[in-house]
Amino acid sequence: MNWESWSAFWDMGGRGFFVWGSYGALLIAVVAELLSLRSARKAAIRSLHDDHETL
Amino acid sequence: MYCGYCVGLGGLQGARGFVNPCSSLRLEALAAERGGKAVFTDVSVNVEARTLLRVLGPNGAGKTTLLRILAGLGAPSAGSVQWRAPDDSERSPNEAAMFAGHANAMNEALTVAENLSYAAALAGIDCTPMNLRRALTQLGVEKLINRRFGSLSQGQRKRASLARLLLRAQAGERAWLLDEPFVALDTDTQAQLAALIGEELAAGAIVVLTSHQAVAINAPKMQELML
Amino acid sequence: MARTEQQSNDKFAGRWFWRYAAPAAFYPLAGKIEKIGWVLAVVLAAIGLYMGFFVAPTDATQGEVYRVIFIHVPAAWMTMVIYLAMAFWAGTGLVLGTRLSFMMSHALAPTGAIMAVVALWTGSLWGRPTWGTYWVWDARITSTLILFFLYVGYMALSAAFDDKKKGDRASALIALVGAINVPIIYFSVKWWTTLHQGSSVRPGSSSMATTMLWAMLIMTFAFWAYCVAAAMHRLRTQIIEREAGAAWLDGATK
Amino acid sequence: MSLRAATGAVFRREMQLFARRKSDWANPIVFFLIVCSLFPFAVGSESEKLKLIGIGVIFVGALLASMLSLPRLFEEDARDGSLELMLASSEPLAVLILARITALSLGLGAALTVATPVFALFYALPFDVAGMLALSVALAVPTLLLIGAIAAALLVSARGGAILTAVLVLPLTIPTLIFGAGAALRVLNGQSPVAELALQGAFLLLALALCPLAAAAALKISTD
C-alpha cells in the first residue's frame, strides 16, 4: 500500500494541487461532455417528434 | 461603323470556318437537391435546335438550380444532361451554352471591354475586337466600350453585361441559358432582348429561359417545362 | 445522393461495409458498440486508477506528481488518434460519398478537442513541479495545441454552412488538409525548438516500473473505450437529426 | 491553346485590377506598417529589445497582411457573379486558380517585399538581416496565399468568413513562419540561412503542387 492515511493520499507528497488539479479537470471535462451528449440527444428526439406532430 | 482594322480581323475570323451550332439538349430523369432536400425530381425533356424552352414554376421550384446544372455549374443528384452537336457528338456545357444569371458577372473596376474579353476567354470564345464592338453595337452601348463598369448606370450595366451573350463569332453558335433576363430592364431593352433571342433562335440556337414576365418572343419552336 | 447511395448499396450488396454504410443499418450496431464502450471504460478506468494510485510505486525522481501521466499520456494519444480517424472518415466520405462517413467525422471531433484540452491542461500541471514552468514550447505540446486549433477550425467550418451537405464536404476537405499538415508542423516545431532552446528541457524518459506502465496501458484502453462510446452516442444523435422523417426512426427512438 | 488564353486572361485581369485599384496593395502595406509600429509602444524603445522581437513582428505582420488579401481571391467575384465564369469554364479550375494566385503573389508579394526592409529599420535590424527578411517574405507570401486560397474557397458561401479564415489558415502557416523568420534569425546570429531557405522553398513547391487542387475542390464544394 502506498498511502499511510487518506490525508497522505490527498496530499500526494505535497503535489496534491497538481495531481488533483489534473484529475479534477478530466472529471469536469468528462462530465461536461456527457451532459452535452445527453442534452443534444434529448433535443434531437424532441424535434423529431415535434416534426411528426406538425405533419 | 467599324474601324478599318476591326474589319480586317473580322475577315480573318470569317475565313476560319463555320462553327456548328448546338443542335440538341436532352435531360433524362434529372433530379436536384439542396441541403439534402429534393428540389425537383425526374425531369426529362428533349430540346431540338431553334427551340425556346421556357422553364416555369413557383418560387423555390428549382428553376435557377436547373439552369445552373445545364450550365455545368452544379451537379444533379441523379439523371443526366447531354448537349449534342449536329454530328451527334457530345459537348461540354461550357462549349455548348452560355449562362447569364442574376448578377452581371462584371467587375466594377475594369472597363466593359476588359470584362467582356475576360468572359470570352474563359468561355473558350476567340473574341476579336470586332466581335466585341459588334456585340455592344447590337445593344446600343458601343460608346461605353472603354468606360469602367462601375461608372455606368443600372440600365447601361444590364446592356453591357448582356453583350457577353453576343460575343460568339456567329449567331446561333451557342445555346443561351437565361435566368430571369427581363428583370430590371426598361421596356425598350426588354423588347430589344426579346428580338435578340428571336434572332438567335432563328440562327439555330437553343434558348432556355426562366421568366416571370410575359415578354413576347418570336420563336420558331416553343416548349414549356413546368417544375 | 440518397438515390446514388441506394444504387451503390445494391451494387455492393452482401459486403458488410456497404450494408452498414446505411445509417438505418448502423444505428442499432452503434448502440451496441456504445454500451460495450461505456462498460469497458468504467471497468478499465477503475482498474487503471486503482493500479495507478495504489499499486504503482512513487517515482524516484518525480515523486507523486508523475501520477498525472496516467491520464495525460492517454489523452495526448487519443487526441492524435482521433484526428487521424476523423481525417480517415472525412476522406472516405469525400471519395465514396457515404453520409455515414461524414457523420462519423463530426461525431469524433468534439471528443478529440476535449482530449486535446485535457492533454494540455494536465501536461502543464505536470510541467510546473517537474520543469518549473506551466508551459514549454516543446514540439509535442505545441503540436497538441495546433491540433486543438485544427479541431476548432473543423467544427467551426462545418457549423458555418446552412446547407449541411456542403458543411460536410467542406469540413472534410479541411480535415484532410490538416492531416497532411500535422506532420509538417510537428517536424517544423521540433526543428524550431532545437534551434531556440536546445535540449535543456525534455519530457522525462526515465525507465518506468512495470506496474506504472501497466496502469498507463490500462488507462489508455479506458480512454479508447470512452472515446468510442462518446463518438457512437454522438453519431446516433446525428442519425436521429438527419434522418428525421424516415420511418424506421420512429420505432428506434421510442 | 484556349487553356493558354484562359490562364492568360485570368492572370491579366488580376494584374489589371491590381493596377486599377490602388487600395489592393496600399491597404495591406498600411496595415503592415501600423502593425509594425504598434509593438514598440508595448515593448519599449530600447534598440536591443526591438532587435530581438523585430524579425518576428515583421514576419507576422506580413503574414497577416497577406491574409487580409484573401477575400479578393474569390469572395469579390462570387458577389458580382464573375466567379461563375471561372467555374463554368472547360479549362481545369486548379490551373485557373494557380494563375490567379500567381498574379496576386507577384503584386502583393512585391509590395510587401519592398516594404519589409524599410520596416526593418524601425527595429534597428542590420542591413543584411533586413535583406534576408525581405527574401523570406518574398518566398513566404506565395505559400501563404496558396494555403489561404483553400480556406478562401471554402468560405465563399459560408457565414462568418473573415474570422473563420484566420482560424483555419493561421495554424497551417506555422511552418512557413518558423523557417521564414528563422532564416533572418540565422543571419542575425551570424549563421548560414541556407537550410531554412531551402525548407521554405520546399514548402512553396509542395504548396504549389497541392493547394490549387485542394482549392479547386473546395470551390466546387462551396459553390455547388
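In order of appearance the chains are A, B, C and D, and numbering begins at 1 in each one.
The working rule: a contact is a pair of C-beta atoms (placed from the backbone, for glycine too) under 8 Å apart; a residue touches a chain by one contact, two chains touch by 3 or more.
Everything numeric here is computed off the predicted structure, so don't read it as measured data.
Think of each touching pair as a link: the shortest run of links from chain A to chain B has 2 of them.
Here the chain at the heart of the shown protein, by mean C-alpha position, is D.
The distance from the centre of chain A to the centre of chain D, each centre being the mean of the chain's C-alpha atoms, comes to 43 Å. Centres computed as Cα averages put chain A at a distance of 17 Å from chain C.
Distance between chain centres (mean CA atoms), chain B to chain D: 37 Å. Put simply, the C-alpha centre of chain C and that of chain D have 32 angstrom between them.
In chain D, 224 are the positions where the chain touches two or more neighbouring chains simultaneously.
With touch defined as above, residues shared between interfaces to two or more other chains in chain C number as follows: 162, 166. In chain A, no residue reaches two or more other chains under the touch definition.
Chain pairs that touch, as defined above: A-C, B-C, B-D, C-D. Here chain B touches chain D in the complex through residues 71-75, 92-95, 99, 101-110, 114-115, 117-119, 121-124, 126, going by the rule given at the top. Residues 2, 5-6, 8-10, 12-13, 16-17, 20-21, 76-77, 79-82, 84-91, 96, 223-224 of chain D are the ones that touch chain B when the two sit in their complex.
The touching residues of chain C, when paired with chain A in their complex, are 53-58, 63-65, 67-68, 71-72, 75, 110-111, 114, 117-118, 121-122, 125-126, 128-129, 226, 230, 233-234, 236-238, 240-241, 244-245, 249-250, 253. Considering their complex, residues 31, 33-36, 77-78 of chain B touch chain C. Chain C meets chain B in the complex at residues 1-4, 162-166, 242.
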